[in-house]
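Structures for review follow.
In what follows, subunit A forms one complex with subunit B and a second complex with subunit C.
The block that comes next holds the complex of A and B.
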């Protein structure tokens, strides 16, 4: 029996708005607890929610970015459950009329494109934070500390259809989604800060079967590494259970980073009854054409668009995806540099290999302002045209990173330009042939390894001032005619 | 109307003519309260010190000719489910016995701007759930017309203080009749404005889609003045509207008598008041015709699904975590459970359970979902009715005030006392109750007028003309004046 896994992802994205979702309290990033509060986000009696227009603009942008259709008359619902850090003991969320429905995201796994279908994109408010002292769990804590700074921060939940088939695919999806919210400018997208938190619903079923297996939810991860490991672990665990004829229970588990296993949090007896009903404090969310247009106009960039631009320069899919998911300045630098060099692969290699490598080594976080595409293109052209050796190019780059130099003038001033003067090369070649007659006699054909040795000798005698390509050409002509 | 206390306009003239000082009026009202409170228990808290201080500021303004308007120096009582900064807001519940509000409700902020003075907070059925104040955790309020009778509810305290002269006017809240029914039982004017015209921000919610703050006063003009000063769009309340008030097309009005509220289940006494007013209206040239709104009969059932459903979520925040009562326990969930078990009274618990049930998976469609459908049908029925009629008339209550304990054993009969008032809440309509006569046992009787949304001012105009024609000038038994005579 061959089993195939099916995964659906639910991702919470913290929006980067100035104020909270339903009140005007500032969204703060601080460890100091309970400093950004008001009657509304503290759930005091009589306080009322008023929707944050910017947040709705952001969720419409995200929905459009994820190719969803927009629900023209959305609704806010109350999701009822009791928890000490949920001030009203209901969360304002969306139920049957989410903002975005039926979308899709294009994702890249190695060198191939895949599509992940999006079921819904909906708006909700975040809860506060609980710190359960003594045990870390609410039911066995000696006391619980509450911080409501996060209470009411706008969250968007993006839910995929259950069509993801591997941990790798799930990771690629999260990378794409993360890049989307960053490019849209609607979230900081920092995983380590919990700006994106994801739940994975995993089941296994017999290959070819239309029915899905019993679903297990792994809750609240915020690192790609954990996500990949947790999914792989869970697929193995479930597969083994099915093979051993054990039945899988529908439950919520969490990934234990120390033990590298998923552990059961609670068993779901049926699905929890949240008693959703439309929030009578909030009128229907009418999203008209004009609002959609305004939101659409805010979209300057998406990873999909960026990737297309990169592919158009001639780059491969995986190289395009690498730059797409990388830092913004590198993407822009590549585009402006490749325009001048006209050579996508060498530009990509030089920027992502040499430039990034040297910056890392020298611990330079930000490119000095004088290092622009013009200078880099001129440097790339110097070695691509064989005017300087690759070693020299590296040296010039190192210099450029600490000093405002012109690569070309620097190369000539420092005698780094390789000669392509045939007479000069011919003279050098002739003298090397003369000095190495024993080797010349042993040569059988132009592919002989010893040709390389002779080229090396010529380079050495020129102190690397000649172009190795030209040397080889002249040498072969002299030897084999 | 209550002859002990002149109307707001008259008081304002007395202030302007320097014949009376706001602080003197405040002292007089406070004296009334000191006398009546021991019997009525209508105020839960009196703000004597701050009230006197504020009224003295009014004195100064009138002295300098800088009065802030008609409400400057007018003592107003506030139902204790409306937040006043720095004071306890208990909702007559044990749950909030120690809760001091850190902010003002929007209406309170607006009233403070007018220079009015607050006499204190008034008693209500716990969380505004009830029709008699018998559900108050701090004991019931008595009816000033006869302390053996209930003052109605839930704004029973707010109606009783105006009736007894221990405030010139008061604010109440009306979810299914909670302003109009007690106003009717206490022989005063109760006005529930169009849903959305008065901000709900700071009103502790019972059922958000039905709750509406409004005035309880001695005269229709007083209600108009208070309404004028508390209405208007509030950016803090997403259900608040920017009202465009309407006028009827013709001077000669067409008024419909709701047939379903003039039959079995509504006392002859109550029906007679409507007939009496009909005659007066016809005499002054208006057309009054019987009309049928068949779904009115379903309004009570719809209300008792929608209101509990909303309240089941609205009251979830009372958990002992951040404010209010907290029962000691060994863990978070145990604490929340115990707190809610101890903090809420029986009626509140009953409605939370009812609402939780109506929203539960498997029952939602059959109960809450169906109630919503009927509600929208009721709304469209009213819309159709208002194509034909400028206003609708009915009794405010099926019968006059009842005695304490009379209906506590039979909740259905208690719920029926809101029969005539609930439809206006379901449809968001403005509705007013004005006293028109007395029953055989000398308890007040009233009629109710309803208008289409945003007809508030013209509704008040019609009510005022009826008030003039009826000239109801009986006095309740328990007032300061009565004692002295």
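The block that comes next holds the complex of A and C.
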């Protein structure tokens, strides 16, 4: 029996606003607990919520960025459950009228494009943070500490349809969504800070079957690496269970990073268990055309648009995706440099390989202000036109990263320009031929690997000051006529 | 008529402990409530506009500006137990 996995992702995005969702408490990023609280985010009786306009603009931007339709007349619901990190005993969320519906995101896996359909994008509030004292495990805690600084921070939940078919696809989807919220400027998008948190709903069913298998929700995946591993693990676990004719139960499991397994947490609640009802404190939320337009006008960039711009320079899809998901300065530097070099591949290779590599090695976090596209293009052109060797280009770059130099003048001042002077090359070639008669005798044709060895000898004797292309040309002429 | 609910599930969700006698009484009471609600299902609403909230007032939004609120001391004042600036509650297991 052949089985296929089906995955749906639920992602929470913490919005980057000044104040919380339903009160004016400042959103703080601090280890100091319980310093940004008011009666509303503490859930004290009688406190009333007033929604944050910026957060609604941000969720409309995200919905538009994910190609969703906007629900013009929406509302907030109460999602009821008892847990101490939620002092009201309900979370203000959205149920059947989410802000965004029926969207899609284009994602890249290696060198091909795929589409992930989005079911809904809804607005809610974050909960407080619990710290369980004791052995560290939730089921053997002796008491629980609560910090409500995060309580009420605006949170958007993005839910995909169950159409993701592999761990790799889930990772590519999260990368795209993360880049979208960063490019829109609505969230810091830092996974390690919990700005983006994701759960995966996974099931397996027989290939070709229209019905999905029993859904298991996986939580506690804090990085893309653990997301990929957890999904792969869970698919294997469920596949084995089905093959062994064991029944899968609908439950929530958490990913144990140390043991590299998923472990059962609790049986999954159905939506009826949350007793959703419309929040009587919050009247209907009307998102009119004007509001949508204001939000739309704030969208300057999306990863999809950036990728198209990169593809237009001639780059491959995977290289475009690499720059799209990388740091903003590298994306901009590539675009301005390639305009001057006109060579997308060598510009991409030099910037992502050599430049990034040297910056990492020298621990340079930010590009010095004098290193601009003009200088980098001039350097790329120098070695692309064989005026300097690649080794020299690397040395010039190292110098450029610490000192404001002009690559071309530096190359000539330091005798790095390769000679294309045929007389000089001929003299060097003749001397190498004379010194390597044994090898010359073994040469059979111009394609012989030993030709490369002889070119290398000439380069060595010239201290890489001559153009290797010209050397090969002269050498072949001398040897084969 | 709708009778397919379980009083144990409901008391569990509401975190309210019920004695057997109370369960029987509440089961009956809730069945009556549901029967009343079921009567609404017979109303023909197919030509009616969906009214999604009982209030016709439209939600007011506020500007994204932060204002100082409770001091840390005031926020913690009513808590029976605190530790290192946190509220302390009994171990909470999901």
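The working rule: the second predicted complex is superposed on the first by the 454 of 481 C-alpha atoms of A that agree within 3 Å, B and C clash if a C-alpha of one lies under 4 Å from a C-alpha of the other, contacts with A are read in each partner's own complex, and residues count from 1 in each chain.
Criterion: a contact is a pair of C-beta atoms (placed from the backbone, for glycine too) under 8 Å apart; a residue touches a chain by one contact, two chains touch by 3 or more.
Keep in mind it's a predicted model, so treat the numbers as computed, not measured.
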Partner chain(s) touched by A:146 [first = subunit B, second = subunit C, both, neither]: both
Subunit B versus subunit C as contact partner of A:32, first or second or both or neither: second
Partner chain in contact with A:78 - subunit B first, subunit C second, else both or neither: first
Touched partner set for A:479, first subunit B, second subunit C, both or neither: neither
First (subunit B), second (subunit C), both or neither touched by A:273: both
Contacts of A:45 with subunit B and subunit C, given as first, second, both or neither: first
Contacts of A:281 with subunit B and subunit C, given as first, second, both or neither: first
Partner with the higher number of touched subunit A residues, subunit C or subunit B: C
Partner chain(s) touched by A:55 [first = subunit B, second = subunit C, both, neither]: second
Touching both subunit C and subunit B, counted on subunit A across the two superposed complexes: 39, 42, 50-51, 80, 82, 84, 138-139, 141, 144, 146, 273, 275, 280, 282-283
Subunit A residues within the subunit B interface of the complex: 39, 42-51, 78, 80, 82, 84, 87-90, 138-139, 141, 144, 146, 273, 275, 277, 279-283
List of subunit B residues in touch with subunit A within their complex: 81-83, 89, 91, 96, 99, 101-103, 105, 200-205, 207-209, 235-239, 309-310, 312-313, 316-319, 321-323, 331-333, 336, 356, 359-361, 364, 368
Residue ranges of subunit C in contact with subunit A within the complex: 13, 15, 52-67, 69-70, 72, 75-76, 83-94
Residues on subunit A engaged by subunit C in the complex (per definition of touch): 17-19, 23-27, 32-39, 42, 50-56, 73, 75, 80, 82-84, 97, 130-134, 138-139, 141-148, 265-266, 273, 275, 278, 280, 282-286
